[in-house]
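Each structure below appears as structure tokens.
Two complexes, one shared chain (subunit A), two partners (subunit B, subunit C).
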Partner chain A sequence: MIDLDPQMAAALQTFFEESRELLQDMENALLFMENAGADSERINAVFRAAHTIKGSAGLFGLEEVVRFTHRLENLLDQIRSGVTDLTPVRITLLLSCGDHIAGYLDRIATDSSLDQVFLAEDLRLLGDLAAQLGSSPVASIAPAIAPALAPTTLALTIPPSPEPEFSNSPGSVQTGNWHISLRFGRDTFRDGMDPLSFLRYLEQIGEIIGIVTLTDSLPALSQMDAESCYLGFEISFRSSANKAKIADVFDFVKESSTIHILPAHSQITAYLQLIQQLPEADQHLGEILVSVGSLTEEELQKALTLQDAGNQGGQHQPLGEILVAQKMVQEPVVQGALEKQQQQREHQVVERQMLRVRAADLDQLVNLVGELVIASAANSLYAAQSNAEERVESAAQVARLVEDIRDGALHLRMIDVAEVFQRFPRVVRDTARTLGKDIRLEISGEGTELDKSMAEKITDPLMHLVRNAMDHGIESAERRHALGKPAQGCISLHACHDAGGIIIEVRDDGGGLNREKILGKAIEKRLVTPEQQLSDQEIYALIFAPGFSTADQVSDISGRGVGMDVVRQNIEAIRGSIEIHSTPGAGSTMRIRLPLTLSIIDGFLVKLATDTFVIPAESVEECLEYPEQQGTVGYMVLRDQALPLLHLTRVFRFDAQPEKRRNVIVVRHGQSRVGMVVGAILGNQQTVIKPLGKLFDQVPGISAATILGNGDVAPILDIPALIHHHTSAKHSY
Partner chain B sequence: MAMEIQQERQGANLQIRLSGDLDIYAAAPLRTYLLTVLQQHHEIELVLDEVAEVDGAGLQILLATKAEAMRLGVILRLTGHSAAMVRALQLCRLTAYFGDPVILTREMAG
Partner chain C sequence: MNMLPAGDGTAQVEHWGGQYLIIQLQTESFGVDITAVREIIAYVVPTQIPMMPTFVVGVINLRGQVVPIIDIARRFGRPATAIHKRSCITIVDLQEGESRQRLGVIVDAVNEVLEFSGEQIEPAPQFGAGLRTEFIRGMAKVANQFITLLEMERVLSLDEMAQLAAIAAGAAAGA
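Showing the complex of A and B:
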């Protein structure tokens, strides 16, 4: 990538993001139509996506992308106009083309070269597109690609003169020059601006091919105000600069002046619109456009005749309708133009509603809010100590507002889990084809929100789990038939909130995990010994061990034995956990449990001797008084069930005497419930998680620390670790 | 350089030499002046060989003067264009509009 000024680089970044979103929309629409049949609304959506990407890529001079997308658009255009049907073969081709464009974008974004494989794919797709278009491969493809077969780097350049093929699209004008229409504001001189200097500057970034100075609005010498500006210009301009750069020339006068910039080969309709918008008489203006060289005489006549015809009808038909009614312009062209307007309007609305914010700024904000939470807690504490009622009240109000701000700030980072799931229809479709299985995907629980950074990190593990379930979980069609199951397998992705965390499940209706096979393999790989007594859960968990794979045949999709351990590592890296539930013959469920956010939790403060500890409130189920009269120490009976007890003073080796009044906090993680025996209960408080230094991060049972309002440091208990430690070690508490 | 106007009567005709900057600062007085002389003379020659700078406001006055002269039937000739004048006219492709012969020196052409 050549050097870009920061503004341009930022714009390019936006282009990448928007294009990826558009490609995703395109894919969604195609997949929907593959199942539900073609509908014009979605075909249009696909076309628009491709069209917008092409347009924006052109703006940045990404020739290769424009070239490729242009061919894609040709096919889409035929499908849209009904010349060609949207067959499954074509859907597959269109999907591949979408991937290929994404490939282009990735390579440009990372500044990497186009390797042989990529270019071969390029050639193949262009060939397929040409075949689907019913034309012989376009002659210009070969020379365009052949020299590129050697690895090349994409350059951000703009062709000195646009390729002729673009000018041939129906309805666009012949000239390859920009047309700039300027009407300077009356106050231009008074604002210290000189129209001539803008023209001179324009000459520096391109060539003024034709210019007409307009004197139409210039009053008679006796009437004019010598210090007002009456000048206007129609300019035909040749330049390799993009629209933004040309528009930048007029940055200082854009508020006060009327400026229209039409790109090369704009539709005639765009010129017509220009003619209509400008104050001068249409015929006169049209002649000016001809004289500067932006329109040919025929193009002008065509446009004006059409417009006259419309006006004489006495009704103001929309321009597009006139053109179509007159059969002068093909419908798609007009539709394209109108859609483009519509789309730009929609786009502007969206832009006004959404704001792109740098993730780093957001993190900074969340950090500050964290500090604010601590400060507010201190404030409340001192207010309470001061015994001044008003102060306590106002501190409480501040605390409540801070809480709202915290929720708001955290919410900014949240995205809908649907954004994570949206990639999966395609993954399932493609994987199913590769495997030769008929599998559908069901998605539920959209609307569940999770932290964006978490969403990014969970996608890969999910992808692996889904592929794995499709490959190993779901049986072949014959086997399913023999078992009396429906021939079509089903993978479902589900998300929901649970106990202050998020659960994401990958379910399949396949054969379930083979307990014996896993155990056999594990013994063979010396992961466990035959003597060990293992629960089903523990056996299933063995598939997460490094190097474990039970697939008899290594397939493309999975079965290489790498991955499941990586899946677990990735999930644990974001403080999540994974468990497996499986029913032989009926399928298995991979349940991923993730924390809601990574930085602030609602803490439940408890006292152990003189120290304060924090239990994440999300894992607290209930609090009880410790039954001192009960004889046993290791468990208590809670509603006729045994509840294992964990004496935290013993876990952390406090030497202090048992407190007089002890409490039991019932905490849950997954299916396990444990009663934590603690001293006094101090109540709920928002807690900013401060990571422990390297020295302390190995301390068992403590996941992090927080700073209390009075400045004390309180460790945050690592509930999953404590429960795990307790249930596996079978302590004699 | 503030603009100076020198005029020299040649019978019924008037020769006016504009020197200095033909710009926004000169525009208002120049307009008043030209408006007056256009009423009083049948033929006016504007000598532009000492015009140092031209801006949009100055050019606009010339355009309006030309239009007014045509309306009144006054013959208006622009002569001896300085390099700056030629550049301004060429930039806006206005040479043909005024219709006066422009002599390009080598410096201007080059």
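Showing the complex of A and C:
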């Protein structure tokens, strides 16, 4: 749909990204106001977002977006000026409009056409917007009525009080005499216009205080062409209308005629005030002047054309000078606007300290840092072997710096979990409405950081769990009332770090999982037999079976039974796990455990027979000597508690003889703590995670590999999988 | 890639003309499509990964990348390749769906690169080669002798090997 050179295409891409962020900001602000009530700061934020999108879309010639956003902006403008209240209905409408703009952007980005459904939505929203705007039309969309149509309204006087439509527009100036300088074009009569009718029409929006007809361009009678117009007028005009409104009067002759509309001096101060009140966004001088109403769009275009034309010699005449020279704006106003622009720019320097980086570049950097870590480990190793003290010291220093670089590089890839959570208020709100339930969302654990790629992959499963909890978990208001619970249900999202992983919880205060119902359904679906003895955990886990759904009614939200198994698959695909905790009558908690998937971890190196293995240091609690007298019982006593032991050589089927000296590494995962029996302990080292690939996916207990300082490959143990396998199999190795 | 139907087999085989790296496995020579071969390196001792099927010897560090090493003789159901001083590892890049997979294959020797025209290549025999037919791309005739051209995508099919690995791991864990 758009054919652009690469530079423009890149700019367009940035526009899409920024617009989506703006729409997200808009949504956040709206949702916040829905709960906490309207505040002017957020209304301004919403307005700014819409305005920026409109402006940028205009630059790319995305007319549909401009047209739609413009209507949206009209409503927002009314809300901003307090003429219209921000009611829940309007919030819903504004949210839908935000979605709709996102829809436009998606379709433009993917080059797909605007289909019937979309256009129908377009019409519906525009209709709603118009309805919300109420009866007062906004000046900018009501074009000047052709003066010829209203010749009889000459006697009509202006309303004594300013019309509301004017008082709320940013360019309105309460009083003052405008000076209008008109030079009608030669072809005015031939174009079917009558200068007089414009003057009559002008009287409708104000009062002509004085008028001078200029006849100096009128030639001698013999040379005069009766069909040409030689007239000019200097008019002193009193009106509360803004400049754009006045300029609109001359809309039909603006092409052929010379029109200057200058405000009286009393208004210069008013403009300056308006300029000072503008929001802090980077605007061009012209934009500033237009937004306070001292300059019209047409005048700006004209001035810019002049600037371009005068640009031949490489000399760039400032726009301000042109505006003053062309009598479009008085000099003090231009000065004021320039000062404002300076302020805005300074403000932006503080705000724009973010940098967009391509994800691929970042990955490349992290990979290189990984190589650097390996190289640094080798360096330290050789330095230690050489026994030269200075070399050891400098190697240690390099290693320290590399560690800092590693942390910094990895941090670049991390995003706050709040970014994942931020779309949920909207989801919960919309789902709650669809379900007809009153549900609030509580979010905690912002500040927990996780890898960006992980964040992208966890959003969909989370979304599903939240919807599921709202649909199946939280009871209807009547039922909650009967149970003595608060009528408003609560879904909470929580995130935290735990033992080298991230935990994300979706909690609801609903009825909890119905153990009997799940079991009944599972038996009916032949997933289990009635004879099987199952623990609560095992029964809850049945809901992750493909095609399982206990909902009696299939709703829009959930109940088709396609979800939970996909949720589990998606979570397991990123090496995560999910467990369910449920208390009948009090609610249930879905706990997702994710690895940090950092590409570099602190590793704890151990020997098994002749091979080196890495245990992630974050899951190691302590190291002990193996109590030889325990023999093969499979447990040892640690501070009066039984610690189950896992003999790794036996787990991995090494045929080697038991080593002479053995050690126990106490590792923890969640609530379980296990002692891993290993050979020698080689100590801590930073290790770069290298994926082992598909071939080794099925090896239980090994998650990846790393490269040691001496170039050898060492497998990294998957502690959660080992513990899980050990405890579920109930094997005593 | 699948077994070639007898009828249009020749038409298919013509397509396979090109350069082949001749590798030696024990006493037999095989041809490997040169476009899949990335490099040949001297033998290094791989790090064992526990609970893998025997044809997965382990992994090596190839300039910072962890590359699985396959004993192709074991994959063919023959005795393990004995390591000696001419042993080397042929690194191949295989297209597997969207991704490229890098694998190392232990060979007894790498002999030469031969060019075969389409006519020199005959379809795989239905039996008698001592290999699964799907592993064979065709038979190239050189000086009254046939060299088996391997279909490396099949021989080193990750899907199949991963399944075998899962079975091996399951057997080890379940025992």
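By definition in this document, the second predicted complex is superposed on the first by the 507 of 733 C-alpha atoms of A that agree within 3 Å, B and C clash if a C-alpha of one lies under 4 Å from a C-alpha of the other, contacts with A are read in each partner's own complex, and residues count from 1 in each chain.
Just so we're on the same page, contacts are C-beta pairs under 8 Å (C-beta built on N, C-alpha and C of every residue); 3 or more make two chains touch, one makes a residue touch a chain.
Because the structure is a prediction, the values reported are computed rather than measured.
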Q. Which partner does A:P700 reach: the first (subunit B), the second (subunit C), both, or neither?
A. second
Going by the contact rule set out at the top, does A:V117 touch subunit B (first), subunit C (second), both, or neither?
neither
### Message
One more residue to check, A:A360. First (subunit B), second (subunit C), both or neither?
### Response
neither
Inquiry  = Quick check for you: in the superposed arrangement, does A:L231 touch first (subunit B), second (subunit C), both or neither?
reply    = first
On the A-aligned overlay, A:L199 touches which partner chain: subunit B = first, subunit C = second, or both, or neither?
first
- Message: I'd like to know which partner A:A36 touches here: subunit B for first, subunit C for second, both or neither.
- Response: neither
The shared contact residues of subunit A with subunit B and subunit C are none
Residue set of subunit A touching subunit B in the complex reads 184, 188-189, 194-197, 199-200, 203, 210-213, 215, 218-222, 224, 226-227, 229-231, 233
Contacts from subunit A onto subunit C in the complex sit at residues 370-371, 374, 611, 651-654, 690-702, 705, 707, 711-715, 725, 729
As the complex stands, subunit C meets subunit A at residues 46-52, 56, 58-61, 64-66, 68, 101, 158, 161-162, 165-166, 169-170, 172-173
Within their complex, subunit B touches subunit A through residues 24, 27-28, 30-31, 34-35, 38, 54-57, 59-61, 63-65, 67-68, 71, 88, 91-94, 97
